[in-house]
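This is the structure I have questions about; it appears just below.
Which chain is which? They are A, B, C and D, in the order written, and residues in each are numbered from 1.
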Amino acid sequence: MIEKYVDSKELKQLLSTLVAIVGCLIIAALFGIIVVPGLRNANKPAKPTAVAPVVGESGWLDPTEFPAQKGRVIPPVDPMTLIKPSDELADIGEKLYETNCRTCHGSLGRGDGPASNVDPQPRDFTAAEGWTNGPDMPNVYKTLSEGIPGTSMASYDYLTKRERMALVHYVQFLGGYGDSAGSAEAMQALAGELAAPGETTNNKIPVSMAMEKLEGEFVFPLPLMIPIDDRSPGADILRRTVTDASRAAQVLHASEIWRAGPDALARSILPDIPSNGFSTKLATLKPSEWQTLYDALLRRIRPN
Amino acid sequence: MNNREVFSVLGIFDSAQSLMRAIPEVKSGAAAKLEAYTPYPVHGLDEALGLRKSPIAGMVLVMAVIGSIAALGLEFWTSGVDYPQVTAGKPYFSWEAFVPIMFELTVLFAAFTAGLGMLLLLNRLPFFRHPMLAARSMPLITRDKFALAVEAGGKTIDVEEISALLRDSGAASVEVVESPPVHGLASPRFFFRVLIAIAIACCVAGYATYWAMKLFPKAIPMVHMLDQPRLGPQQGNTFFTDGSGMRMPVEGTVSRISIPYTVDEQEDPSAMGNPLPRTAPVLGRGRQLFNDYCSVCHGILGNGETTLTAAYEAKPTNLLSKNIAALTDGSMYHVIMKGKNSMPSYSADLSQDERWAVLHYVRVLQRALDAKDEDVSSAQKE
Amino acid sequence: MTGRERRAGMILVLGCIVGLAGIALTFFVSGMQRFWINWIIWFLFLLTAGLGCLFIVALEHVVGARWSTPLRRIPERLSGLTILMVPVALVALFSLPVLYPWARPEVLRDPMVAGKAVWLNIPFFSLRVVACLVLWALSYWIFVSRSIRQDRHGDPGYTVRVRRFAPLFMAIFGITLTVVAFDWISSLDPLWYSDIFGVYLFAGTFLAGLAVTTLAVLYLRKRGRLQEIKPDHLYNLGGFLFAFIVFWSYIGFAQYLLMWYANIPEEVLWYKERLSGGWGVVLLAMALLHFLVPFFILMARNAKSDPRFLSGAAALVLFSHLLDLYWMIYPALKEKSFFGWQELSFAVLFVSAALLWIRRSMKRGEDMPVGDPMLREGLGFRL
Amino acid sequence: MKPEAVLEKLKPAPVITGHVRLGDLDDQLLTPVGEKPPLAWFIAFAMTSTATLIGMALIGYTIATGIGVWGNNIPVAWAFDIINFVFWVGIGHAGTLISAILLLFRARWRNGVSRFAEAMTIFAVICATLFPLIHVGRPWLAFWLGPYPNQRGIWPNFRSPLLWDVFAVNTYFLVSLLFWYIGLIPDIASMRDRAANKIRKFVYSALSLGWRGASRHWRHYEKAYLIIAGLATGLVLSVHSVVSFDFAVSLVPGWHMTIFPPYFVAGAIFAGFAMVVMAMVVVRRTMRLEHLITDYHLEVMNKVILACSCLMGYAYLLEGFTAWYSMNDYIHHTFLQYIFGTYWWAGWLTITCNILIPQLLWFKWFRTKYFGMIFVSLSVTVGMWFERFVIIVSSLHEDFLPSSWHIYMPTYVDYGILLGSFGLFFTLVLLFARVLPVIATTEMKMVLPGSQPHREGGSHE
């Protein structure tokens, strides 16, 4: 059959040409399949670089993975050792002042630290007037423990009583108040508080465990479903305004403040539209409709 | 003349008919190989000379199949596997869309097989040193005469006898063609080797590029896409009066998906609840975002202890303190939105959901560092 | 008439009777829809075969081809199928309210369909059908009856006159066939439309005409008639068959590709219906039988003039043209089953009737147009 | 009419008139090649090359400045560039049709005109490829269209009809070039043997690849030529179909029509034949080839034009009908735009030039007289250009979105580049007519009476 077309020599030549062409095609295909994707990744490291594990003394690497630790009970001390200044207290106070207070109140206590651009301005300890609580020992201690609400003065309750008292002395020293004590009753109360037993440090658990705990404690609220046959005006508004029934229910369970009334409801859901499962259409509701919506929600969402 | 070999003896005929008539006579008279030279294809000559049929149709079929497979393979690999893109919602491997190019490549392969295969492989052209090209009758042959050649084929032939035979069978004239020395350069085989060499060179160059890129990663031969006349994210630019390349949105621009956050006082939004469920993915996302955005100042544990105190001389808030812990989610949300004291607003950096996720994680940190007693006991039991 | 022929005639008559009984049973047992859909399919199948033959005759006159003159009598006789289809078409008009949604008043509430009511309404539809039938019959008379008369007196004037008419027929043919495509097939789904549909039906029609012509020529040659037809003539028939197989696939694929790509609901649903259920398999079978298999059969040069290969390819093409019509029309019922004794009885009836009709027409005139002045040249045709 | 007269009329018209011998063909066709051209040639060449230079200068301007110098806008992002592209690709199709399809159908009149038509194919495709190339804006990066391995890790999108175009047009160009060249080889061999000039002999010798007319070569040659013709037939259908896919796979009303593939092919052949007729008339007159390109040739080509015109009419009719039948408001709007919109004159010009004027070819006078056929061919060329204008600009300028409706006006750069493409085309045609034989000499020799021995009698067709 094939002899009618080519002789054996020609056939051999044709076949070898075919092999050459197919070979070239295969090489080109391999080139496209292997080399080109390789080129694309040429500048990427072949494997992610392994980080050599550095194990600290505690045996954990991740700073959030500390071992669970029960809070330590600090034994009560004689209050007078804290009320009376000492060199030891002065050293602690200076150190603590440096890390906790200096950035606002300044190294000399003049309220001119680098971060003093807060409103209201940080207290200038040397200024006699205008103290919220007063510069005497019980009041400074109170300020430190509770902070001053409405200002940038935070509460330093995470410091121990001893540390707080050391800071009190240092602040009084900077302000030039000596160790001015307050009224006798106040001093009495302070001494009583300092002597009170039961001061403990915080319990600690690893962050991952806290995550598990919080996750485990979480209860999914029922989604805010509106039955299809519910034709009440409240259901109608809900249908119009709720875009994500689960989120809406979650928001309303997460904070109970909205129960105070339609205004509180508006304040609690308006700023977070639409992430909280409500539609932007809420912004166009009339006061009467807010009332209807409030009533409808109150009926549907059970208090926790 | 004598020291050159005789290549063939040509009988020149005036018409195709006389050529055809002469072939059987010459064929029976001379045992040597016959070849006819004509100005155009004369039908029936192949059968008269006893030539084989042309194998070109089979070659074309084979290459056409290879062409369509190659096209389909190329399209499958590039559009389906290596660089899958969604086009008009069509599947990655959509054969319908691949048919046109398959057809084109089939035709391309087939036509070039027919054309180049005929010229290079079967006819062994280009070949400029063929003895016939030097023959005196060549201009006649390409014009209007027909030649019948009795070829020596390497043996010696009796020129006189063959000339007489040709004349007897009707040749108008006879010419003896000699073999010139053969140069091998411009032969089809040479061309083929050049082609294959080029193909191999391409492959070598390609692989060499590949390894060069691996060894010298900064050597990027084509930088078209990398080199673009545009401003980087924070680059300055004199075009605008403020000297900044980045533009603020037009005054009053609002996001398309949410209503603007117009709350000013921290207490006002305190009523807001966290809309995200406290699930592992949300907490994980919050943790990642906290570590990325917040931990720089507030510390990885949220206790405000970072190197920033020394570097920036700021004392970030300890998020674990009791009066922070007492804040509602909504109040803290407000701080993220508006900033507080030295803390700037993070409303541009975190989306709504991301803010809420971070707040969830802050609660986790507060729990971790101020755990309940039963937490610790359960942890120690494990 | 030999005994064998008489026996064949008896079988065909019997086939008609059995088929008639079968379709009557279909009508009463399986419902009107199934009856009419089969009726339409077979009507269009035989109509397109006949029209395709008429087109072949006209094409020869238009381009002045000489090689095909000795063959011309065969398509001339076969185009008589068009005349056979006149009563079938008139009966098919009763299918309109059953099969065609636009003919039902409740569907007209759809504004898209209502807009088309100017074109798609029963009176106008029937008018178009009758007009087409009249035009075809007239053309048949001009081409065929006179060609047969030319056998007797050999007047070359006929050839000149018919050559003047042939271009006009091309126009008539193009428009009427498009009307057939749009009316009888496309409007089964009144929302669907495709500009190319007329061309698609034309490709199938021409192929069907070529296939029946080829089969008839090869049959007659086998029975000892038409011995003057040389392999060179057959080669040309095979070449045309090959070319138009490719043409049909090209048109069919172009229509499919464009609808698939654009993905517009009113277009693509037509294909969706015809790809789901068992119909996807039918389409696949069509791709094989209508294109790939005959394509590869006819690709070799020798196969085009070899009666065995040629008749195989022609039979495949004819069968797959029927399959094509089934595939286009039957899914309009939106039913799953598409083959049963009902379809078989329709096949028996129409095939028997058509064969009887062809047998009768094969006796008309000579086997070749002996009066045609170009016959001698045509017989001398060599590749 | 008497039967004898009728019989005479039915005889096949001769494709070569007078008595022509084999050698005469060479003398007539190969001699002008290499002789000093007549003055008219130089004048024509000066005109066409000037037009080319204008076009090239404006292309340079476009590339240097950007395609903003064109009239394109949104929504008319495609305009002259694609119109010209489709137009020129279409012109090329006549060449392939004559050389390939008619070879397969063994039309007797093909040999006289095939070479010239094939050359026109190649020149037209060269003109056509110019336009997508400059429309990409940065032509030096056009190689990005090819699927070549690159470090960016991206491949061209094989689901895009524009990429199909790249493959189709390139394949078309390469295959046409190959087909043309293979047909030329024996002719070049003849010219090699006739050449007196040494340089010319060397060039023709190299180009002829050492062709020596051996029967062992001819058997492969003929078969290969026939096979490429068969492949080119499929190719010619596919190329303009792919060009039509550029439009038809989209959702633009007026573009998404299933009839586009065959309709574009018919239109391409239509325009291409018109161009071939115009050029053939000039060549026939100036080179005195009346006996080789006979009245019969021209008449048949004009009949093909007429047939294509009717096909176009059918397509227009059907487009209009289905546009109405679709009951789609957008399609209705677009079709009303075609004939009553901003560019109503283009729509009516298209219908007049493509459908109405070619109907004149029903009269023999128009088919056989130079004036008549040139008038019709010219109108077809204009009409087909404007048809693409209607399809592209009229469909785009009022799209789905009324706010983005926009009138398109071409700029002088658009016109200049169009002029330049015509200049380039005719410059190449003029050069071709001087350096290569305009008629396929070898193929003509094949069909000369008495050239094939086994044919009995004089008639061999």
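Basically, a contact is a pair of C-beta atoms (placed from the backbone, for glycine too) under 8 Å apart; a residue touches a chain by one contact, two chains touch by 3 or more.
Since this is a predicted model, take the numbers as computed values, not measurements.
Chemist: Looking at A-B and C-D, which pair shares more C-beta contacts?
Modeler: Between the two chain pairs, A-B has more contacting C-beta pairs.
Chemist: Counting in whole Å, what is the centre-to-centre distance of chain B and chain C, each centre being its mean C-alpha position?
Modeler: Computed value for the inter-centroid distance: 47 Å.
Chemist: How many angstrom lie between the centres of chain A and chain C, each centre taken as the mean Cα position?
Modeler: 79
Chemist: Approximately how many whole Å separate the CA-defined centres of chain C and chain D?
Modeler: Computed value for the inter-centroid distance: 35 Å.
Chemist: For chain B, give me the residues that contact two or more of the other chains.
Modeler: Expected reply: 53-54, 57, 74, 78, 82, 88, 90, 97, 122, 206, 213.
Chemist: Please output the residue numbers of chain D that touch at least 2 other chains, ranges allowed.
Modeler: 149-153, 234, 241, 245
Chemist: Which chain A residues touch at least two other chains?
Modeler: In chain A, the residues touching two or more other chains are 31-32, 35-37, 39, 42.
Chemist: Tell me the shape of the graph of touching chains, choosing from line, ring, star, complete and other.
Modeler: other
Chemist: Show me, using the given definition of touch, all chain pairs that touch one another.
Modeler: A-B, A-D, B-C, B-D, C-D
Chemist: Please give the residue numbers of chain A that touch chain D in the complex, ascending.
Modeler: Listed in rising order, the residues are 31-32, 35-37, 39-40, 42.
Chemist: Which of the residues in chain C come into contact with chain D in the complex?
Modeler: Answer in residue numbers: 66, 111-112, 115-116, 119, 155-157, 159-160, 170-171, 174-175, 178, 182, 193-199, 239, 243, 246, 250-251, 254-255, 257-259, 261-262, 264, 266, 373-374, 377, 380, 382-383.
Chemist: Can you tell me which positions in chain B touch chain A when the two form their complex?
Modeler: 52-55, 58-59, 62-63, 66, 70, 73-74, 77-78, 82, 121-122, 192, 196, 199, 203, 206-207, 209-210, 213-214, 217, 257-259, 261-263, 268-280, 283, 287, 300-301, 303, 309, 313-315, 317-318, 320-324, 328-330, 333, 340-342, 352-353, 356, 360, 363-365, 367-373, 375-376, 379-380
Chemist: What part of chain A is in contact with chain B in the complex they form?
Modeler: Going through chain A, the ones touching chain B are 2-7, 10, 13-14, 17-18, 20-22, 24-25, 27-29, 31-33, 35-39, 42-43, 63-64, 68-71, 99-104, 113-115, 117-118, 146-147, 149, 152, 154-158, 202-207, 209-211, 213-215, 217-218, 220, 246-248, 250-255, 257-258, 264, 267-277, 280, 283.
Chemist: Give the list of chain B residues in touch with chain D in this complex.
Modeler: Within the complex, chain B touches chain D at residues 15-17, 19-20, 35-46, 49, 51, 53-54, 56-57, 60, 74-75, 78-79, 82-83, 85, 87-88, 90, 94, 97-98, 100-101, 103-105, 107-108, 110-112, 114-119, 122-123, 125-130, 132-133, 138-139, 141-144, 206, 213, 220-222, 224-225.
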